[in-house]
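What follows is a group of structures, each given as structure tokens.
Common to both upcoming complexes is chain A, partnered first by chain B, then by chain C.
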Partner chain A sequence: MMRNDPIKHVFIWPAVLVVLAISIFPLIYSFTTSFLSYRLIPPIPPRVVWLGNYVSLLQEPRFWNAIFTTTMIAFIAVGLQYVIGFGVALALNARIPGERLFRVALLLPMLLAPVAVALVARMIFNPTMGPLNQLLSMFGLANLPFLTNGHWALACIIAVEIWQWTPFIILMMLAGLQTLPEDVYEAAELENASAWQQFWGITFPMMLPISAAVVFIRLIESYKIMDTVFVMTGGGPGVDTETLTLFAYQEGFKKFNLGYTSALSFLFLIAITIIGVTYLALLRPHLEKRR
Partner chain B sequence: MSGQGLTGLSSWSRRLVTAGVLVWCLITAFPLYWVVVTAFKTPPGVVGGPTYIPFVDFTPTLQPFIDLYQGIRGEFFRTFLNSTIVGMSAAAIATAVGAMAAYALVRFEFRVRFGAGLIFFLLALGGYLLFNNSFGFTRPQALLLAFPIALAAAILANRLPLPGPILGNEDILFWFVSQRMFPPIVTAFALYLLYSEIGRLGFQLIDSYVGLTLCYVAFSLPIVVWLMRDFFEAIPIEVEEAAMVDNVPSWRIFLGIVVPMSMNGLLATFMITLAFVWNEFLFALFLTNSRWQTLPILVAGQNSQRGDEWWAISAAALVAIIPMMIMAGLLSRMMRSGLLLGAIK
Partner chain C sequence: MLRRTFLMLTTSLAMACTVSQANAACSPDYSGVTLTVASQTGPYIASALKLGADEWTKKTCGKVNVVEFPWSELYPKIVTSLTGSDATFDLVSFAPAWLPDFVSFLSEMPKEMQSGKDWDDVEPAYRERLMVWEGKIYSQSMDGDVHTYTYRTDLFSDPKEKDAFKAKYGYDLAPPKTWKQYLDIAEFFQRPDKGLWGTAEAFRRGGQQFWFFFSHAAAYTNNPNYPGAMFFDPETMDAQINNPGWVKGLEEYIRASKLGPPNALNFSFGEVNAAVAGGQVAESIGWGDTGVIAADPKQSKISGKVGSAILPGSDEIWNAKTKKWDKFASVLPTPFMAFGGWQIAVPKVGKNQQAAWDFVKTLTSPEVSGQAAITGGTGVNPYRKSHTANLQLWSKNFSPEEAKEYLGAQADSINAKNVALDMRLPGYFSYTEVVEIELGKALAGQTTPQAALDAVAKEWNRLTDEFGRAKQLAAYRAAMGLPPKN
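This part shows the complex of A and B:
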């Protein structure tokens, strides 16, 4: 039942006002700035260039490199997080021994500051003093240049992302698994369906809506990645691991190229919207079939 | 709770699955173990190559922590206090304000005309451009003038029979949540410029308690509204209806009945928000520079300041991590009561 009482405005307006003020203000501000040529250092008065910033950005290889890097990190990391996370959630749901202890341990990484995690990762990936290369040399393998080679550095960042955010998927999938009705499985048991068949025939399709939501959240969040990269590689070597947010930070905060940075953040926003809409459009037929 | 999924498996594959989870747990635990041990190492214990077990591989020492406390590597004590103050107050305000909004969205009916929203946006944008370009106001002045005018016009327009769709509670909720989709860099950078221009008018927001807290409140609200809505929806409405028959005013129903009944949810939401603010990096990077610097900024700075002094870096990281470790323990108890279940539907 919905009530109608003037007091409802007292309840909702504080939140609406704060969010409006902090999100719409900057939005309008940077939207208008993105059409200007505007620098703080050296100070030149703003000049209207219309789409000039956007055009020069789209011709800038560094921008495309940042998009490519961010997409690689987001898709590979989230894909692996989903596979590992779903697997672990299934196992925990089956009440393996020691399940309670696992839960606390598994929750931890996602509550830790990404900055601190990245620092720890730097130590572990250190080529001479880190434990990982020592482990490799124990097996007679050569020391790897983890953070100084572009491809390896990207792989390391992805590994850290997986380490930190798989717990989120485990948590959500576990919550979802516990809502599945038991009688379907009992029926499948009577039909002598194997565990493999039960998974693909029942569990996976029934978990599809939750999976879609969880992957969507992680994908959007991964595109914003900044702190991990900032600490681990600083975008280097060169610009090999520079993500979109880091690129915008460099342009905006180091060079104070305001118009350019605003245009960049709007392209970023458009890119995220396109990815989000495409993702939902691709999934919609699968999700609606089940209703 | 159900235990399906693996019931059809032989004991062999059960063992395999357990081993797999165990491996993942080890992968999760090792970096944590590593940072804890490294924080107690002396310089020779680090530089000589990786060492693992205290007392066997190296002699533990408390020196890194003493250095931290004495402020040799930056003002740790004050930064810790900053993080605590900003985190606690932002989480408390966001939880309170967000819970109120969430309750309103669950129990009251809202109707917003799409046209009114459009009018708001166009007037805010147009008013800003007009005030800035034609009347010679500075940019923040123009924004501050355009905002109330646009808001007032939109509220009035909402009463008119405008054409176009009418948005209900679900759409308002979607608007709240969609704020989370925005890349924060869009806002962080613009907010930095806006804050510094407001600062030039004489009201300092950069590197101030108010500026940072306000920004964190705004950015936590979407999550809070989203989580709290599910808690409130789970509360049986009969209790509230009984109170309404007795003519208890709505605000007393909320404070006296609803809030106590959803204390667990409020607490969990508070903690999740606190964790989010505590770990946040990008906004703190833009909006603080010395007085109100938070822990993540200081910790990130350790890296470049003195190179590979791992004992100190680990101790610093540990200071940022430990409060959240305690929270993880507390939260995991609440998780069992199906806390996040509703949030993902």
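This part shows the complex of A and C:
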């Protein structure tokens, strides 16, 4: 088929139209809605407020609290996921006994639905009937306010995130480790390099591109956390664990404040873009060295 | 040939008889009709709807499909369906507070259902107030909800406890008349080393928490000298939630949180019921389910020892007009119609409206609703006169003494002169969300009661302005049973 064969339009345009209809149009619609004061409940006729919704949001302490909470969850959870995940991947790559069993068992949490994991976690952390506090009582220790104190609740959410998503890091890092060339390690051993030196001199730098990609994916996903928080704490106590997506849900689907929620979604998009671009800019010099 | 024709005729006749007999059993005949009802996740309310559905199917041959959503999801699901004008649901079950948001999408109850023996049997608090919106009936109560007081009769009648209590507080141990007495009793029975705590209330955000707070505050803010001014000034629509009456209510609510089982801050109403039925607490407040569950030997450790009473009150109530405390000659009981009981309505866009209203009739009939009310776990509490009049009906779960107290507390609360109605206002979720957030902060000690309620009042006033003060004022007055303002 020639490159300028008109038949290509028959194949391309339906796909373009579908993408426009299901992706671009809602985006444009929600962008225009973000400049309106538009509520479904109680029904108020849409009114143009230009940047009013954005200004209100930027002056809203609850918005900044949600940004802070989401950032805390994302950075702490992903940081720990990376360290633990990389460590476990190294262990599995070293062909320890029972490695296959560990590999399957460690991947299981990732396969569960986050809402189910959150429900189980809510039961485990239940202050009065949860097994964790009962265990503490057995040892004569005081019960801990797992989900009723802001700091503890945040820590519990981060723990659940780590438990569920570390397997993803293990999977990706293990795949990366298995592609590393053996001869480099053989050469290092001939030079009497210790395991620690081999890690920092060979493994870590060679794994940097895949590490950057994995952390980037997890960071973006963590910023979108919703179901775990919704089930475990509902954003409480107060708004101590309210994330950006939960805040948007409350505004959009509880109060049906559509203009405000659209503005919130676009601010969320801007925040994620800034974080993503900064992250890639910081890593670029290190990644370019590897080329 | 003749024989064959005769045989065919006989068979046709027999079949016709069978069909006509089947149809005769369906009265009215709704065979082939399937109604879809939106409900919160069972067993509460959903099981009552299923009970009604079984009866309706037996009677009319129609079918009912109960679609369940978690409590927090029910409002958005119904709103999305109603505002999208899709006919997903033939019936919706909901909180009375949501009626102002739904009313423009609902069909009016047929006039023939608004009279007769069954109609008059519904308690006036529901029939004349909660089911009415701007003079019209759009929904039917299928549950009665008023907060009452529950206590352990074994502890309250123990002579040792009575003597010790009197020696410490200077008055007799008995169901409290005031909230101060309620807190004294809770403090007296706070014995963690013996696995006994004072009281249980809901304190968790999203766990029916703010209704418990409203019950405390109602005693100090629902002033009969200035009716309808509990939540807003009915003349100006200025928020009242930060006045001294509300602050006193919040201070006592916070105090109650410290006299409950460990981590009571995580309690929703479900945990309250578990604590009461488990014998962990001496007293509690909540909906009628608490008494039914606590009396049920299958679910409770304190069966046979369950006492009930009307909520405590106060002899001084804040007057929002004069901005002073009004003193009354005696304690004025101010039971709070928290939530107000589930209602059921038929959306305008529904394709089976006649059948849907017929289902409502069966579901809320004295017989079917009476069965639901005495069945623990249906979430249905008395809302008909016949529910509380028939002691025999309740003998299944309660001892005669328990039944007398329980039904007495229910009837006295619903019919109390100064009964406080729950807030019903367009944009209800926007108003209550900020209450939940600030209550969470106040309960955790992150802010003072006054500061928390000041923040709520500020947001309420902002919301009222955003939604239109005049429109909100008109709706609020309608909800409080006040005439329109000229």
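Basically, the second predicted complex is superposed on the first by the 267 of 291 C-alpha atoms of A that agree within 3 Å, B and C clash if a C-alpha of one lies under 4 Å from a C-alpha of the other, contacts with A are read in each partner's own complex, and residues count from 1 in each chain.
Keep in mind that, in the parts below, contacts are C-beta pairs under 8 Å (C-beta built on N, C-alpha and C of every residue); 3 or more make two chains touch, one makes a residue touch a chain.
For clarity, every value in this text was computed on a predicted model and none was experimentally measured.
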Which partner does A:I225 reach: the first (chain B), the second (chain C), both, or neither? neither
Among the partners chain B and chain C, which is in contact with a greater number of residues of chain A? B
Which superposed partner A:F253 touches (first chain B, second chain C, both, neither): both
Quick one: classify A:T148 as touching chain B (first), chain C (second), both or neither. second
Could you look at A:A74 and tell me whether it touches chain B, chain C, both or neither (first, second, both, neither)? neither
With both complexes superposed on chain A, which partner does A:G236 reach: first (chain B), second (chain C), both or neither? second
Should A:N126 be classified as contacting the first partner (chain B), the second (chain C), both, or neither? both
Between chain B and chain C, which residues of chain A are contacted by each of them? 126, 128, 253
Quick check on the complex: what are the chain A residues that touch chain B? 1-5, 7-8, 10-12, 14-16, 18-33, 84, 87-88, 90-97, 102-109, 111-124, 126, 128-131, 134, 163, 166-167, 171-172, 175-180, 182, 185, 189, 193-195, 198-199, 203, 210, 213-214, 220, 223-224, 226-227, 230-231, 244-245, 248-249, 252-253, 258, 261-262, 265-266, 268-269, 272-273, 276
Considering the complex alone, what residue numbers of chain A touch chain C? 37, 39-44, 62, 126-128, 133, 143, 145, 147-150, 234-240, 250, 253-257
Partner chain A, residues of chain C touching it in the complex: 72, 75-76, 79-80, 83, 100-101, 104, 204-206, 261-263, 265-266, 271, 426-427, 429-430, 433, 436-438, 440-441, 443-444, 446, 466-468, 471
Chain A partner, complex, touching residues on chain B are 1-9, 13-14, 17-18, 20-21, 24-25, 27-29, 31-32, 34-35, 38, 46-47, 49-50, 52, 97-98, 100-101, 103-105, 107-110, 121, 124-125, 128-129, 139, 143, 147, 151, 172, 176, 179-187, 189-191, 193-194, 214-215, 217-219, 221-222, 225, 237, 241, 244, 249-251, 254, 275, 278-279, 281-282, 285-286, 295-296, 299-300, 302-303, 308, 310, 313-314, 316-318, 320-321, 324-325, 327-329, 331-332, 335, 338, 340-341, 344
